[in-house]
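Chains: A, B, C and D, in written order; residue numbering restarts at 1 for each.
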Amino acid sequence: MNLLEIKNLSKDFGGVQAVQDVTFTIQEGSISALIGPNGAGKTTVFNMITGVFPPSNGTIMLHSKKISNKKPHQIAKEGITRTFQNLQLFADMTVIENIMAGMHLLTKTGVWNAGFRLPSAKREEQYIYDKSMQWLMRLNLDQEAYLPAGTLSYGKQRLVEIARAVISHPKLILLDEPMAGLNHNESEKLADLLLEMKKEGQTFLLVEHDMDIVMRVADHIVVLDHGVKIAEGTPDEIQQNDTVIAAYLGSEVTI
Amino acid sequence: MDTKKFTRSYKLNLYGIALLLFAVIIFPFLVPSNYFISMFILIGLYGIVCTGLVVLMGHTGQISLGHAAFYGIGAYSSAIVSGKYDLPPLMGVITGILIACIVALLIGIPSFKLKEHYLALATLGFGVIVFTFLKEWTSLTGGLNGFFGIPPFEVAGFTFTNDLSYYFIVWAILVIGLWFVNNLIHSRTGRALKSIHGSESAAESIGINLMTFKLKALIISAVFASVAGSFYAHYISFINPQLFEVMTSIVFLIMVVIGGSSSLWGGLAGAIIYVWLVELLKDWVPLLGFSTGGEFEIVFFGVLLVVLLIFKPKGLMGSWMEKKLFLSQKKNVQNKKGAAL
Amino acid sequence: MESLSQLMQLLFSGLTIGSIYALIAIGFVITYNITGVLNFAQGEFAMLGALLTISMSSAGLPLYLAVIVAILIVMMVGGLFERAAIYPARKSSVATLIIITIGVSFVFRGAAIFIWGTQPHSLTPFSGNTPIRIFEAVLLPQSLWAVGISLAALAGMYYFFNKTYTGKAVTACVMNRFAAQLMGIKPEKMSFLSISLSAGLGALAGIIIAPISGASYQMGLMLGMKAFIAAVIGGLTNAPAAVLGAFLIGIIEAFSEGYLSSGYKDAVSFAVLLLVLFFMPNGLFSKKSGKRV
Amino acid sequence: MKKWVWLFVTVLFLFTISACSDSSSGEGDEIIIGGVFSASGPAAPLGKGEMDTVKMLVDKVNEDGGIDGKKIKLISYDDKSDQNEAVLSMKKLIEQEKVHAVIGGTISGNTLAMIPLAEKSEIPFISLAASKQIHNPDDKSSRKWIFKTAQGDDVVIPKVLQYLKDEGLTKIAWLNVANAYGTSGHTEFAAMAKDFGIEAVVEEEFEATVTDAKAMLTRVKKEKPQAVVVWGTAQESAVITKNIRQIGMDVPIINSHGIGTKQFIELAGAEAEGIIFPIGRLLVADQLGDDDKQKEKLLTYQKDYEAEFNAPPSTFGGHSWDAFYLLVEAIKKADGTDPKKVRDALEKDNGGFVGISGVFNINEKDHNGLSKDSLVMVKIKDGGWVINE
């Protein structure tokens, strides 16, 4: 079943065509990857999906519901969360608080209930805590739960960021270069985790430069170059696509 | 897994609040003079304003250079409702809260599109405009001649006439306020506010509406300021617009910054330090051999302020809390790791 | 005829005060862009400049010499201020830095009371007091001085920033701190230079206005605030725009005073500030976008 | 946890200590007088002279052996022109220093904020500020313990209006500074002008920080007033006065008593020439006739003050001279410092007291006791002051 449908998506920044007429779909329960040389427009597509800026043209549909032109927090409410290329953790909050903050959309205690600590607020707080702790234990981060997030190693911070995005049961998670800054070992582990979560039914869309990982985890790959989609298909198909090879050769990167 | 460690800072603050409550109750028996009581009424009032500001500045990361306006709105609402129209003082306090909320919304919606310096300037401008209203709307506020004859606060048949009664109600409000803020910052809303401070784009990505939560923080701090203003008016019984000038907003900001905006206690600590410092300088500067103190007090105060902030840029409580919590937890982790080996 | 003369009069008044704001506003812009600090003590430099000049000229120094010496002293004070207060705290938060500059302004004001007392002081106009009449409106020689000097200062700044090596280095720092560092320019040095330069400009503003309104220890605060507004209206990143903003604020003030009531003068300026911030957050004269919101 | 306990204990302890050490007073052989003056901040030009005067007088009285052998101890605070500081200082004086009476309150706002404290603690309080509300409030609240030595606007304004009437200047322009001083003058003016047949053809305000008011003055000029009244203190009034002449208005300018300092003449320069204003006799003491009751005291005060501070005294200092000697007289008559007796003596036994600000006729109904005869109209001539009567 189609989870996300992107149709004729375009974006121009004051005359510069960053993304042009891009169309692709994402299947529920799959891992899709958006690849392409630097400046291909991958992050621009991400930013349009997450509502950072509106598309100049085209539509984005989630479960056949139009979500283009919504604001970032509304997109999150629709069920799309994300991680950032340059880590955006709440550095002064503890690890567990970061993850608890990720539960924002699943909970609803307001200022009044929270401020006077009414029973409903207490119950909810316990629920948030338990669930966050489960994730931390799954990620093997429970030891670090009470450290300020900014003091963790890069790889662990990455995991915290993913946990924060995944904990609210989003329909789709966008990962912006999740492997950046990780060593080989860490990358492999993260890839395993993604595959594991896929098995549980989680859908991902990632932008990634590490082609080994992409080929390993992705079910479906979309290739962009100069803002235009030049190929689409399974990893095998993409690896044999001449246009893709040419584009990458042109930018002196080999697959 | 139990929540003991997670609620540690919450519990610590609760103990602190309980201790404060105890101190508040025994304090009047320890001091020999009523003067300290009235000094602590002022500290309490500033503490209320600054505790609210801590939510806005320390937790949400939004600066305000116009909080004297909310303080003034509370004071004048009480003065006008109870002094001019002879209505129950409690209604004045509530009117102040309502007006403060509305004004906070009106100024917040356009202002929170701005950041940092620009937000500071916008709130500064807002402060000047409210001040001008208080000054020029003479039929209602009495203008620069001031508003005198504000009746004492009164609720359920009890009239607050002496210092001690104001001391208790002001500090009771402050204790409740601290408890409220402590609950708040250890909740979903509090985490949302803190995440805005941490990273706006990440906060949005987990579904936090920046505008709504910034407005919530502003409204909370505006209500705190307004309530403090109301009780100031009833206590002193005379107010004039100059009390709510830009300089007062700056003084609130000074208190929060020297106290440490990242800690629950920063506002109160700042209020105590500020008032205390001014008081001490008044006594000490003449000892250094300067006859009329005024100008020297200002110079000393300025120097102390600069030195303090250079060495403790996060304020006194800020640096202390950080060290305390961070170090103890790091130790915990190391201990555990050691145990595991 | 009468309304024309009033119009002219308002314009003259606005331009005079606007030129004072302009000098201080340029200082703001320079300081803000190079150090990232919103300097609330900027207006105090004007106060120091004015009072120093008055002291020295009443001690018998010729006016031009008093002016030069005063500006130099204030520049040194500015440099000292940067080294002692701004530089050590340069990595602190916005609020902390604002409070530090406010703390410094307390020190300046207190010191001024100590040295000059609380009484206002006066300075004789630079060149006579015979008003020039244009369409029934009155223009004082001192106003001409004010506008002339601020325009000359602007030209001087332009020359400095675009033609001299040091000036270009400062400009480079504004545009890209990192790149400038790579080219061997030390941002710390630039920070020192920029604040003492702004201090000098502030002092000049204070000296010009002293014959018009007198000078006292508390004159800095409001001058500083207004110059602030001017700089922000102009866009804070652009000195010529700040000068335009300053003249605009001067004229708006004069007109709201002339046609409305002077009680609302400050509120009107700040209302203009809010409108600009809300609707044109990059300033009236700026084309760059995205930096403020 | 431990640190919390520490912190609070320390705070409490320190306060207690400083409280105990400060309240060392209470010995019966001293008369303790409290003072609260605005010696810094915006009102400093007024408050500094007041504070200095009282200090000088206390030393003088003590050198002469005190009052009935008892020395006077003065405890004076600078409220920095800030209301909260004033309230706290007053509180400290009453509660902690246990003063027998308080002199002070340089500005009306601070005085009004301190009044409830004096009333509640039943301590005689002599204010130096001008507002009518200080001794005769609109809301008729109690002012039993409050006295005042400055001419209020209810005294000064009639003097000015009388002058205008005598000169036949009936259509005038009224300009006041936008602060408590200016607006209270305006309120009084608006209430009384009609009784003297004076009409304000234009009324305007200007800021205390004004640098150029020509814009506003062009509007005033259009109304063609016969005279301009400028109600403000030295700096801003000088700017306005200069501007009036610069835009070519040649009508008489009447200023307020707030400009009675040499600074005004310096600031306004040549344009100060011919300005008329009401003021206490201190400024023109040397020109008074020998039959003038005040002359001798005025000259003595002038001489003493100049010797001590190397500057001429101001009329504001004069107010605190009056407050001090009224209090001294009252203490002598009350035979001690019992507040009630001192208060009664202030109210009843000070009739005809000759002071610096004028001749006081304090009674139960009037806790100020000055009439408009305590003022003279003075003209600025050749950079000095001459009596214009």
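The rule is short, and it goes like this: a residue touches a chain if its C-beta (ideal position, glycine included) is under 8 Å from a C-beta of that chain, and two chains touch if they have at least 3 such contacts.
In this text the structure is predicted, and so the values were computed from the model without any measurement.
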Revision key, fill the gap. Taking each chain's centre as the mean of its CA atoms, the one lying farthest from the centre of subunit D is chain A
Exercise for review: Name the most central chain, where centre means the mean of Cα atoms.
Suggested key: B
Review point. CA centre of subunit A versus CA centre of subunit B: separation in Å?
Key: 40
Exercise for review: Take the average of all CA coordinates in subunit B, do the same for subunit D, and state the distance between these two points in whole angstrom.
Suggested key: 35
Check your understanding: CA centre of subunit B versus CA centre of subunit C: separation in Å?
Key -> 33
Check your understanding: In whole angstrom, how far does the Cα centroid of subunit A sit from the Cα centroid of subunit C?
Key -> 49
Revision key, fill the gap. Two or more other chains are touched by the subunit D residues 40, 44, 48, 178
Exercise for review: List, in ascending order, every residue of subunit A touching at least 2 other chains.
Suggested key: none
Exercise for review: Note the residues in subunit C that touch 2 or more other chains, in rising order.
Suggested key: 113, 263, 266
Review point. So that we know how the chains sit together, what is the shape of their touch graph: line, ring, star, complete or other?
Key: other
Study note, to complete from the structure: Pairwise touch list, complete, is A-B, B-C, B-D, C-D
Study note, to complete from the structure: In their shared complex, subunit B is touched by residues of subunit A numbered 50, 52, 71-73, 76-77, 81-82, 84, 88-94, 96-97, 100-105, 107-111, 114-117, 121, 124-126, 128-130, 133, 137, 142-148, 151, 164-165, 168
Review point. Considering the complex alone, what residue numbers of subunit D touch subunit B?
Key: 1, 3-5, 8, 11-12, 15-16, 18-20, 22-23, 39-41, 44, 48, 51-52, 55, 77-78, 80, 83-85, 87-88, 91-92, 94-96, 108-109, 112-113, 115-116, 131, 133, 137, 139, 141, 178-180, 182-184, 187
Point to revise | Residues of subunit B that touch subunit A when the two form their complex | key: 1, 3, 5-6, 8, 180-181, 183-184, 186-192, 194-195, 197-199, 201-210, 216, 220, 262, 326, 329-330, 332-333, 336-337
Review point. Within the complex, which stretch of subunit D touches subunit C?
Key: 40, 42, 44-45, 48, 178, 204-207, 209-216, 218-219, 222, 234-235, 238-239, 246-248, 261, 263, 266-267, 269-270
**Study point:** Residue ranges of subunit C in contact with subunit B within the complex
**Key:** 32, 38, 84-85, 88-89, 91-96, 98-100, 102-111, 113-114, 225, 228-229, 232, 236, 263-264, 266-267, 270-271, 273-274, 277-278, 281, 292-293
